[in-house]
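Shared between the two complexes below is chain A, which has chain B as its partner in the first and chain C in the second.
So, the complex of A and B:
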């Protein structure tokens, strides 16, 4: 092995890349992480929240030290029409127990902290360098190419995000398909901590996660989201590309309309927009996972499609950590044996299969398809819920109808069989 | 189909921090006649609203406010885009919050 060769080079300073680098450096490997932005996190966006369980295993008690925003102790789900909003709310101290807690985060801030941890562990961080290609000799990945420079390593980890142009270049997968990815657009709206506590009925340091189906994504597959941060709100809209292109308004317009919805506008009053962002989300689940192991190379995080959107919960960052842990275990084993062949690195797949990453992806494998096949969730049920609530709560002075008759009218409009079928299929896919 | 879009996205992008690589576009549309059906997908889906049409109905695109999400490449990479790559290192959008 030549002196200037690294044990591992990691492409991408997101959560998957940084955690892989951290774990390898901690065990004494020579690790370089290359990030194209000016700092780790500068190209990254989340909705969003991180479920702590996987990072907790690697850095116990991390949330005490890390710049997380608020601990989520209140979950809300809404069915929203143009004029109405029907919400289910769940608040519980159980949501905040260490190990099963979750936090709103801002990646521009959080990833820098994670990168500093990796640097402390000995990772050589290089920022502002775009990896253009990989050094491939006789089918084996031997390092990275950035402009005129070539850097060699025993193993290269692709943590270059959902677009992973490098995995595409290797031929590990084709272009992403429009039904496999959603685009999210988000605004950060600044409000004081006190105003947020009051408007969202939160205790200090605690916060709300709120997901919306229906009008936010113009009735197309997708939805709206709202997360409370320390002194800001993350508000956005996500929509699956294959459906979005059939919409009658633009994605930025959807967000604008969502902001001015009568249920949302008062929550944002007096807030100042601090940032506008957009990002892709891999939503195809198990069926979109590409080839992730080759001679001298592994793929982790979003680049491997490790993400789940269940409608009531969206998970990506905990999978990023989980896949990073599996990749690091595989590389450490390979390093011991000094065998970085695809055959040996196959242990990455075994570690993934044993971990929650593959177990959960497999468990929910049919859910993305269910959402795609059930447009009523986005363009039917929100209206039905709103109609039932309207009949219940709006007093007009007209003679009342028996409640059963009133409910059945709306149920019949949707079709009793449709509701039964969607419910059955939905529950079966979870 | 008319597509509703009254929001001023440029104003929002004005709040973001960009290091624009002047004279070095990382996304380029094809030179030949653009298939407007394809173009319309990007008018709807681009979160930065960069795919516009001018008063004569011709495509008008500027990469400067790109959020680097990849939506246009996924939708139209094989049809109306000549090139899609990430900006050079240090260049492009810089999320302070993300």
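So, the complex of A and C:
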């Protein structure tokens, strides 16, 4: 193989890119990965939790070796209003069982670890370089262009994230529309492991995932999240872009208010802010998947729109891994046949269809729409839950009402029919 | 023409943290090339590009300086090869010992016409190593150089002094320390980074380099960050006339 020619060039050193590169190099292909950040993960933001099932298949037992933060064994969901917070909590050893376990992660370290795995497998890592364009000849993608340099490959894999300019340049997708993306802002706040164990009632090495609907995103589609890491807390707010325009607050202000909410503030006390970041989240789900296969090119991860935004929780990292695995399988097959045409690479689509990636995206396909059509989830139900709890627990000396009657008062305010309708629509979209 | 460029490996400045007890923590700081030595490597590379020749990067320090990312970084900036003494015996050595260790490396390389150093290091900025290295090698040594031109067997250098520009001619081989004004270090290109992966790096222990009896003369008792002033946490809100006035009054009071 000449110096300037590879079997595969991968653009983007996030989870999707590093895993694709790793899988190809492991099978002996000549692979180069180009990442614009100074190291893999340097530009990447995630809320914080990776479901292990997909990576476990590729690197069995990875969680023992990888720099994961805490194993999530406690799930909390809250409906939050300005002054109240109603929380449902679930803790179970089943959450931590192999195969269904999940971990909080910090991408700065996690992606670097994945990149080192890829490098050990033989991937040529080129960091600090942005790919500006693709070499395209007669509709076939033949490699990448960065500055003055051009390098060629049989196949180029775009793993360049949610705002894939390269896929746009190929005409595979248009510019992102406001209803297709959400924006997230996040802080990492340092606290000692002991303080975190105590405040979140966690055993050593175990942690909490906590999602919030309601006031964190100013009553619009979105929500707040909090994940415990080893010695820090990741917390942030996600809001759909189209909703953000209508909100009366900016996103950074939402995060500030979330942090100073009476239920959150004591949890952060004494903590030191280590990192502040903002990032886009693809959120159109199944309906947003653009063209992902062409002559000599495949698109994976966020760049392909493989992400589900459930309003308060985002799931994209396991899809990044899953799509990387499908792409690697397709490229290995194409390499054997030495046929990198779009026609042959269609097997990528078949692998995706058979995998959890497409199955899950399809399953949740109406969910983003449901959220947008059902503002009550964000601006109605949190208030209702808080009102019911207030009546239950706030003792004023006034004569109490029978519980059923009291509850029904609040339910009626919301409209019985509305609740039934939302419930029905919600269940159907799942 | 063989040009040796010396570089120091230091902890990444922006990742050094101060602990509540004012201890300095390097825990999260990866190893990086001392910023001024980027100018040094660039100067060597530009001279080789203009005059033909070969650039060699050399460094001495503790075992941790032998870092694959860091070596690739150096090699993507022009040098064809790296020679290092990476040995924990060299932790906490002073500038004279550093110059001695660099001398050992240079003597092992033997064939060189010019040695370049950065003016000082990003961590301690003692500005000693270049001049001391020249003295140890019995070569002309000159510092604060902001421009180098080569002409047969000699270098014409410019030094920017307080009120004038001094131009000197020195015979080669020589040791020259360059300031950060000399150039703007390049951002390596994709192909340069790729090529760096294929270049060679030779790592020696202190024994290998013939400086096995060198031991640190410096012991660090304590390094503390300066005491931080307590913030007054006095926040003036709004942009009304009064708010601005109160803001100014407060500042004036403190300045009194």
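Quick note on the criterion: the second predicted complex is superposed on the first by the 424 of 430 C-alpha atoms of A that agree within 3 Å, B and C clash if a C-alpha of one lies under 4 Å from a C-alpha of the other, contacts with A are read in each partner's own complex, and residues count from 1 in each chain.
Here is the rule we go by: contacts are C-beta pairs under 8 Å (C-beta built on N, C-alpha and C of every residue); 3 or more make two chains touch, one makes a residue touch a chain.
Small disclaimer: the values here were computed from a predicted structure and weren't measured.
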Clash or fit, chain B versus chain C on superposed chain A: fit
Partner chain in contact with A:129 - chain B first, chain C second, else both or neither: both
Which of chain B and chain C A:280 touches, first, second, both or neither: first
Which superposed partner A:392 touches (first chain B, second chain C, both, neither): neither
First (chain B), second (chain C), both or neither touched by A:148: second
Angle at chain A between chain B and chain C, C-alpha centres, nearest 10 degrees: 60
Chain C versus chain B, contacts on chain A by residue: B
Touched partner set for A:420, first chain B, second chain C, both or neither: neither
First, second, both or neither for A:32, with chain B first and chain C second: second
Touched partner set for A:185, first chain B, second chain C, both or neither: first
Partner chain(s) touched by A:41 [first = chain B, second = chain C, both, neither]: first
Superposition-derived minimum Cα distance between chain C and chain B (Å): 7
Intersection of chain A interface sets (partners chain B, chain C): 127-129, 146
Contacting residues of chain A [partner chain C, same complex]: 3-4, 32, 34, 39, 124, 126-129, 144, 146-149, 151
For the chain C and chain A complex, residues of the former touching the latter: 69, 187-191, 193-195, 197
Sites on chain B touched by chain A in the complex: 1-7, 9, 12-13, 15-16, 19, 40-41, 43-49, 67-71, 73-75, 77-78, 85-90, 92-98
Chain A - residues contacting chain B, complex: 36-38, 41-46, 106-109, 111, 127-130, 146, 162-163, 165, 175-178, 181, 183-185, 187-188, 232, 239, 241, 244-245, 247-253, 255-256, 273-280
